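Okay, here's the structure, questions in a sec.
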């Protein structure tokens, strides 16, 4: 984008700032859009589960205008700040949550190289920033001054912080397989048919995927783990004192977090923008053929990615409306007694597997099956992974790409 | 003002944030406000790390320091704050003395910072074609293969080939020991003795006596 | 240092910021009566030092492979962060214990050694 | 000491927090109606629960001393407003016992139909609200959807959905409209699969089991000692059901009906049917068993309604008309208990010959069931209190009278 | 085990405390003196073949005729009748499936000084169900149960004056500013 503006001789600083603004606007649109979609989806899916229709009258037959209607209603609701509240902190808390949830979108790739900020430490950055969301909650609970909201804030903080550990362990597995923390690279590593996805890479990664999903559900406070706003015990947890726009901002933090977590799951385990059938490569829509074709290929990839994200959200909603809520100590025991040991076992398992069968189940099968097709498959994959030539090759000779030294492809 | 150097703009932004909130920590009396200012300043410092090109350290700072230690600290603040907004004033005299010493120290440091000429202007930037800094080299250094010293000309500097593997192991053991010790230390002592329900167990703390 | 916005930022600017952080941390440790305030001062001091290490060790500021700290700076910064986490945990445990016995976190009242 | 109740002293508090007195109710979402629970908690562990009632006290007994029995009937609807039919039945039988009045076969079978339908409706509300207490919203909508069908049947029979005043002293206000029996038959056939769905979503649901099995364990002796009755008592394994062991005047109503008392005796529930087995974690007398007993009673009541419909259709003659409004009551005093969905509902009438009784006494089952709550909630976590109170299935209208 | 056998069994051990009996009533009952209640209750609950382990409910009945004409007619019928309170205990055994009704007769006021509540020893240590039932009878009928662990009003507010279920009770004009009549 910036190069394009520079080419039309806009002053440098204008070009860069405009490019940055466009990308921010795009990301904000994605974050709020995902929030709107998931709100609408939640209403419709939960209605279907509960044998009712869900919103139908607002805008068209399927009530798709419901999220804006909710937003408008909440906007004109009165914003009450309780007397015992600590003013500035009370106002600040929702924005901390929203900012952390939003700036995680920076590092999330939507298609091959379509990412706002291609960080070399992408996955690590996402984990770090999603860890900060708990501050917003603690501040919110503490600043509202009431005993109940403090209870809710404490519970949620303990839960989110403790679920970060198994989630980090599960995220390390795909990083281990690919050898780099760069999300675009992880996505490209899963190109080709759906059996190239990491989830089918080996039994351990398959199990890791499910552990990751449980930890993800727990860390975004959804479904059976939603202790914070446990209606039946603590009225509404730390959200009791919030109303009107601040309440919306808190929910603007929770719903994009849902999309983000399922998006991350799809990139790490389900092949991100690589669909089950590699349409883009079959139709030769790759940049090698023509830059515009590459762009369309990426567009297809993005649709794939968003479809998987929405699928993840539907599963979370489905979980929420069928399971009752777990008790705080049960949530903690599942984390410490089940998730952490299992995740570390899977990590050890994958390491062992990588050592014994480097490629993963299907590549091995392919090799055993017919050595000749292997070169074709790897060729497809190598040619299929376009984008800027990987730094390794371009690397000046004197610094051999360390990855190649240790992990054979 | 031909090409505004992005690096500078963001540097000043993060620097101002970091120093501003650091001063905020010193000035405010309310312990909760102090914690929040500290979190903000550490976040700004993480931004500075990113700016300085060391992404991995920035991410570690965000995750371990801000996401971990600060949450610990905030929990500590909430568990020990008697009233919701406890604040303890320090005597006026201490303030003046502290600011004098602090100011002197600051002057000395600043003078030192700006005295060495080659620190002032940065080296001509390595051509942009320099590879995007991957965390791989740092990761390998931790594991013991000092990739960046492979072709160092003079033998003396090449000595540090062994990398940080030993230090890395010691640190992990150290961390485990300290955390287990801390958990054991923080455990409430009155664990198994029978506690009459009515009286709220141990002698009720002298409420309000301690604070001004 | 006249036209700050455009004049390229050098290493010494980073040193200045870390100096400010260091001094604020020092002041905080000196004046705060609450144990946790002192703890926060320590965190600030550690961060100031960290910034120095990273500044010297960063590739952009020191221009590639000349005489800079290279990777050592970043590695040491990593170790400092991890150790700070451990130290904070230990210090908090002591603070909590102090709070249980004396029901206050005021530093001036921590005279007796027993308990 | 039942296994789940952790001794407060033995629990090792990792961080000491001060004792907090927390008010749960009276307008708390999970207490059913206006019940106020004061919890004394230390951190997460609840050390003491004291229920406060009386917010819905309407002096029903005092009013009873100024109205004739048939005029007092609408007040009995408002006692346990979720099963008005059973309340009317209890009151009408008590006064008929005083009058020494016997109703015809057709009326008797009609009363069984109505009583058992009321039991199904009340248990559905109990199951739905219990799911709500534990956080799952879906069973709530399912159970209320089916309860609507029962309420439509009641409306077709007596014009009112909730406060029916249908079963009166001396008989029934009006006979069933034509086609009612086929509607009822259709409801029963449609409702059978729904019970399996409820079992899938709740009873055998792993999270539900973890939240209820072994929670709020009530030993049988304490249950009897506190006078708990109904599913709460049967959940502790005591096979005590007034339809079989009650006052002869009441058990005559169920002559010729095959039904068993749903209680786990010798480790086995009487009706061996395809319903989910008892999970390992559940021990006799905990919240899970109380819920399970209610679910099995719904199935048993459906069976009873089918039998009663067949007998009602076969019975000859007309349904009895109620006694005149101001009929003189014989001198004397009578007390009768009937098996209401929540437990034993006792009515006492003392009259001195005038048409207005001189004393009316109402023994409420939830009143005793609630009195055991403080015993159950000692040493449990805050999140367990709604789970335990929900399993007792309380209705405050009946407790406060 | 019918009422006569129970009565004979009780008569053997507690003859001084047994008062009237009503075998031919619809619900046959036995009347006992108030001071004998705890021992009789413990005996009824603990003896093997009686085993009355469930106390259904305690009812307070205010037996008084307010208008003079009716009370004169009643006194003519039963010469020894005068206004009094009655407590009715309904018991049953879950083991032997039989039922029993115990009654006690209390003066309306302690030593006939209006305002002082009649006293009855508590049975809450025998049947825990009595804990709440006795509190309710104390609250609504005004009977003081000696030895009850925590005798407070249960249905009416703590600071309510008077006992509503007594026949000679008249509603207070207003309660905390809320007009009641």
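All chains are identified by letter, namely A, B, C, D and E, in their written order; residue positions are counted from 1 within each chain.
What we mean here is this: contacts are C-beta pairs under 8 Å (C-beta built on N, C-alpha and C of every residue); 3 or more make two chains touch, one makes a residue touch a chain.
Nothing here was measured: the structure is a model prediction, and the numbers come from that model.
Participant: Count the smallest number of chain-to-chain hops linking chain A with chain C, moving only between touching chains.
Facilitator: 2
Participant: Can you list every chain that touches chain A and also touches chain E?
Facilitator: Touching chain A as well as chain E, we find D.
Participant: Going by C-alpha centroids, which chain is farthest from chain B? Tell me that one.
Facilitator: E
Participant: Return the chain pair with more inter-chain C-beta contacts, choosing between A-B and B-C.
Facilitator: Pair with the higher count of C-beta contacts: B-C.
Participant: Comparing centres built from CA atoms, which chain ends up most distant from chain C?
Facilitator: Checked the centroid distances; the maximum from chain C is E.
Participant: How many angstrom lie between the centres of chain B and chain E, each centre taken as the mean Cα position?
Facilitator: So the centroids are 74 Å from each other.
Participant: On a C-alpha centroid basis, what's the spacing between chain B and chain D, in Å?
Facilitator: 61
Participant: Could you please state the distance in Å, as a whole number, between where the Cα atoms of chain A are centred and where those of chain D are centred?
Facilitator: One centre to the other, that is 48 Å.
Participant: Counting only residues that touch at least 2 other chains, which ones in chain C make the list?
Facilitator: Expected reply: 96, 100.
Participant: Among the residues of chain B, which ones contact at least 2 other chains?
Facilitator: Those would be 4, 56, 60, 68, 75, 79, 133, 137, 148, 186, 188.
Participant: Using the touch rule from the top, collect the residues of chain E that touch chain D in their complex.
Facilitator: 25-27, 53-57, 59, 61-62, 88, 90, 94, 97, 99, 101, 127-129, 131-132, 140, 153-157, 164-165, 167
Participant: Going by the contact rule at the top, pick out the chain A residues touching chain D in the complex.
Facilitator: Per the stated touch rule, the residues are 46, 49-52, 147-148, 151, 224, 226, 230-235, 321-330.
Participant: In the complex, go through chain B and note every residue touching chain A.
Facilitator: Within the complex, chain B touches chain A at residues 3-4, 6, 30, 32-33, 36, 39, 43, 55-56, 59-60, 62-63, 66-68, 70-71, 74-75, 78, 84-85, 131-137, 140, 145, 147-148, 150-151.
Participant: Using the touch definition from the top, list the residues of chain A that touch chain B in their complex.
Facilitator: Residues in contact with chain B: 12-13, 16, 84, 86, 88-89, 92, 118-121, 124-125, 127-129, 131-132, 134-135, 138-139, 142-143, 145, 150, 154, 157, 161, 164, 180-181, 391, 394-395, 398-399, 402-403.
Participant: Taking the complex as given, what residues does chain D use to touch chain A?
Facilitator: Checking each residue of chain D against chain A gives 20, 22, 28-30, 44, 131-138, 141-142, 145, 201-202, 205, 207-208, 210-211, 381-386.
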